[in-house]
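In the part that follows, the structures are each spelled out as structure tokens.
Next come two complexes built around subunit A: one with subunit B, the other with subunit C.
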Partner chain A sequence: MTAQSGARRKWLDRYGSRLVQVAFVAAILLLWHLATTRWGVNKILLPSPLSVWQQFVDVIRKGEFLADLQITLMELAVAFVVATVSGTVVGYVISRSPYLIKVFEPLFAGIYSIPIILFLPLYVLFFGLGPASKIALGITMSFFPVVLSTIAGFGNVDRVLVTAAKSMGASDWQLFRHVLVPAALPVVLSGLRMGFTIALLSIIGSETIASLAGLGHRIVNLAENMDMARMFAYIVFVIIIAVFLNTAVSALDARGKRQR
Partner chain B sequence: MTQAATNTAISVRNVSHSFGEADEARHVKALLDTSLDVTRGELLCLIGPSGCGKSTLLNVMGGLIAPTTGTVMVGDKPVHGPMPNDIAFIFQENALFPWSTIHENMILGMSFQGVPKAERADRAQRALEAVGLDEFAGHYPSQLSGGMRQRAALARALSLETNILLMDEPFGALDEQTRMVLGEDLSVLLSRSKKTIVFVTHSLGEAVFLADRVAVFSARPGTIKEIITVDEPHPRKSAFMTSARFHQQRDQLYDLLHDEIRKSMAQSGKPKRAYEDQSSRAGPAA
Partner chain C sequence: MKRYLLRHPGVARLGVILLMLIGWEIAARWFIDPMFISPPSRVLMALGSVFATPNVPAALRLTFFELAVAFALAVIIGVVLGLAVGLSKFGNKTFMPIVLLLYGIPQITILPIFILYFGIGPAAKIAFGVTHGMFPIIMAVVAGVQNIKPILLTSARSMGASNWQILRHVVYPNMIPSLFSGMRLGMTGVLLGVLLAELYVSTGGIGYFTSMFTQNFDPTKLLGLVGILAAMAIALNELVRRGETHFARWRD
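So, the complex of A and B:
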């Protein structure tokens, strides 16, 4: 192998995967472009990328998205906070007793595997078409990954660490704060991250099914009015918001897990 | 305080311990009517077949397990729970908090024990120097070798400045060479510090090399079958290990243990690793 090809390999190692990812997205955009300009796909079904871009710029410039974004983010924040608090508290209490773990862990794992979104009509009947039903569904769906990971995190703390801390005189609070929490944190954080993703999916998803406002609602509304270019512009907007939020949550997760 | 009490660091009286309730399937009689006096400043080794109750006795001494019957006194205080001001523990492995550096581990231990904040950094530094790890204060446990981790665990225990150290197979997970070196270091440390140490080991050579007295356990339910004395001043040199007396005492220990190991293996049903193998593989004796 020559020195030059060695350097090239290093460059490829570092940027190769990024390059493929960018090329992949570019290829999709190109196919999309060709489909609308050359292959005669109906504009009503699939607007051209250019028109979507123009609509996107318009949406951003007018700030028209603000009201819907606020509603969706508010629903997400409330659902995630409630699921996090209830899931970690309930999970911690259960993790303290092998008996409770034996009873509730399989139960929660079972419920977690049900597609809870099927109960959306029921939630709408109970909580109405407004944000309350979205929040309630988001809480229900993200509670389970949070509670399960909290049980796993606090339930599997290495016994020798607990024994060592007690032998050195740790109080209950010190044991919790300096041993149990740091030991459980990585697992709990993974659960929170999962819970966040699920809350986002279920809230936007349920907004598209039955709602009065929110980004999901707006998208369905535009589709019903056959305003396809603007609808696609909103989809792009939601994707950007979702990627941004997930990146932020992942970064927090990674920060909490660092250094061990 | 009587003369006897001043010379005895830990006194164990008629201690029995069972795990689980009597009618449960997993009921285990771990210790049976054991009595023992640990003299101030000595290093006492506990040796016996695996599963005979050595760790149980150590944990009872340190207040980590409340015995089913019997009493333990540390000095003139009855033991009812952990006594962080009198007793520090060192476990076989992985008892350092993996999310904290070595230095943070020591600070945390001292904060648990209640050492004033201002003293902690100094004490940590001194203890790390004593075990030769002062350059590694900022490392995480996972960045250190097994031997260094055990040194760090020892440093954390030393920083608590207790009169008593209880060590449960502290070198048990280490390779033979590392163990020999740590054994020698411990002997040096001991001769300086006047600490009382109870040290569980499954290595005959380690027991003879380190101990002032070796308590030999019977098979489960464990009790102390015999105590032999090793009359050799600390710090012990590696020359001691090659002396005829060392070998004679090691053989004496082996004779005492042999039958108990057979009994213990018969109890457990399946043959465990032969003790002969372990003693030739591990421990300073080799």
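So, the complex of A and C:
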């Protein structure tokens, strides 16, 4: 009896939470389905899951998403690369002097706490509705996590390590390559991961609010045309892309940290 | 002078800000088309006229109200869900992955759905702010509850404490520091959500004025309005941060 309940308990421990998770998702899909087919929820408010699936397949098969995806990814790549390069360079230079850290770190942290999305109307005014304003907003928003984590990473390297390397006659380059970079890398990588997530968010966000092309714009366009099933399909598509990109970046981050 | 600056980095920081403002002033006065940017001095002088624009003060008040309500709701929902998920091992194992999955979704993609369901009024903005703000709070509450030493719970129970007493006297005080750091992140989320929705809806509220000033090429008023909103955001952030440092103190 007790052995049996013990085994049962183990089984529940192992599979129980998986089971509940699957049941949770299934229940939501079922409720969604019933709401649209049985309970007469308006199709404009909530398209049925089946029609969303059909539209999703259609979007993928026709390859209609390619143009918008290309623009969004291009904006994201440019913004992230510029923010990464400028953030790490500026952060490294500042981190070399405790005085500069004291001057600039609170300044950057202060600006970072402002919701920078507020500047979007200004950027639209400066750069127009095209990709330039999205890239500029993406750079501004992801620069701060990158620069702050670079300062934190390179500014907090253990003094003992630096002194030891120097006393063993390491050159400046050797010191940088073999002591500073490995010590700072985990913190810097976390900052880059955050910067990437924020860049993705700000680019899709600014496409949603004011733009002429891109995935965010496509969703708004479909919403304005009341083409709900297709809009849901695009939302699913964008979420899949975003989750895929964020997972890939997290994996790279974890790998970079392991390799030290 | 140099020694004074070296000893007071805060003064040097003010100097840097001042230099940036002067550079902006010079660039805007003599080098850049006044259709696109105006110097900070003119923006400052024009703050009065921003407030004098019909309906701008009402829109600002409404935004503040939306931020406050969204934050309050995000804290309440975040604490309730966080306790529900965090207090049992099973709940944590089962629902934490779902919470993390939902948190990882870029919510901006579903903003049009919020507008569709809640209309273009304050309800949609509050709802969007709540969904942005509650996830960091859930995570913080779960982390806070999980970090309670099991011995505290066991000894409280063995001394005959009721569930409510345990919640009140063991869980609550142990949760407070991480709850407040979650609230700080939650405030950042609420600001993002509410302002995104405000900017998206261009037929009323703040979004109407920002797009109107943009289309009229009126950078002075646009900068003024953005500045006022930024000041509002800084004040709210500072309020929560003060709360965090105040309430996190007891443990040290």
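One rule holds for everything that comes next: the second predicted complex is superposed on the first by the 235 of 260 C-alpha atoms of A that agree within 3 Å, B and C clash if a C-alpha of one lies under 4 Å from a C-alpha of the other, contacts with A are read in each partner's own complex, and residues count from 1 in each chain.
Keep this in mind: a residue touches a chain if its C-beta (ideal position, glycine included) is under 8 Å from a C-beta of that chain, and two chains touch if they have at least 3 such contacts.
Worth saying up front: this structure is predicted, and the values here are computed from it rather than measured.
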| item | value |
| --- | --- |
| First, second, both or neither for A:Ala223, with subunit B first and subunit C second | second |
| Contacts of A:Leu200 with subunit B and subunit C, given as first, second, both or neither | second |
| Subunit B versus subunit C as contact partner of A:Asp158, first or second or both or neither | first |
| Which superposed partner A:Val179 touches (first subunit B, second subunit C, both, neither) | first |
| Subunit B versus subunit C as contact partner of A:Leu189, first or second or both or neither | neither |
| First (subunit B), second (subunit C), both or neither touched by A:Met168 | first |
| Touching partner for A:Leu137 - first (subunit B), second (subunit C), both, neither | neither |
| Partner contacting more residues of subunit A (subunit B vs subunit C) | C |
| Touch list for subunit C against partner subunit A, complex | 6, 9, 12-13, 16-17, 36-37, 90, 93-95, 97-98, 104-106, 108-113, 115-117, 188, 191-192, 195-196, 199-200, 210-211, 213-214, 217, 219, 222-223, 226, 229-230, 233-234, 237 |
| Complex contact set, residues of subunit B against subunit A | 62, 64, 82, 84-85, 87-89, 91, 94-95, 97-100, 108-109, 111-114, 140, 142, 160 |
| Interface residues, subunit A side, partner subunit B - complex | 158, 160-161, 163-171, 174, 178-179, 182-183, 185, 259-260 |
| Contacting residues of subunit A [partner subunit C, same complex] | 16-17, 20-21, 24, 44-45, 99, 102-104, 106-107, 110, 113-115, 117-122, 124-126, 200-201, 204-205, 208-210, 216, 219-220, 223, 231, 235, 238-239, 242-243, 246 |
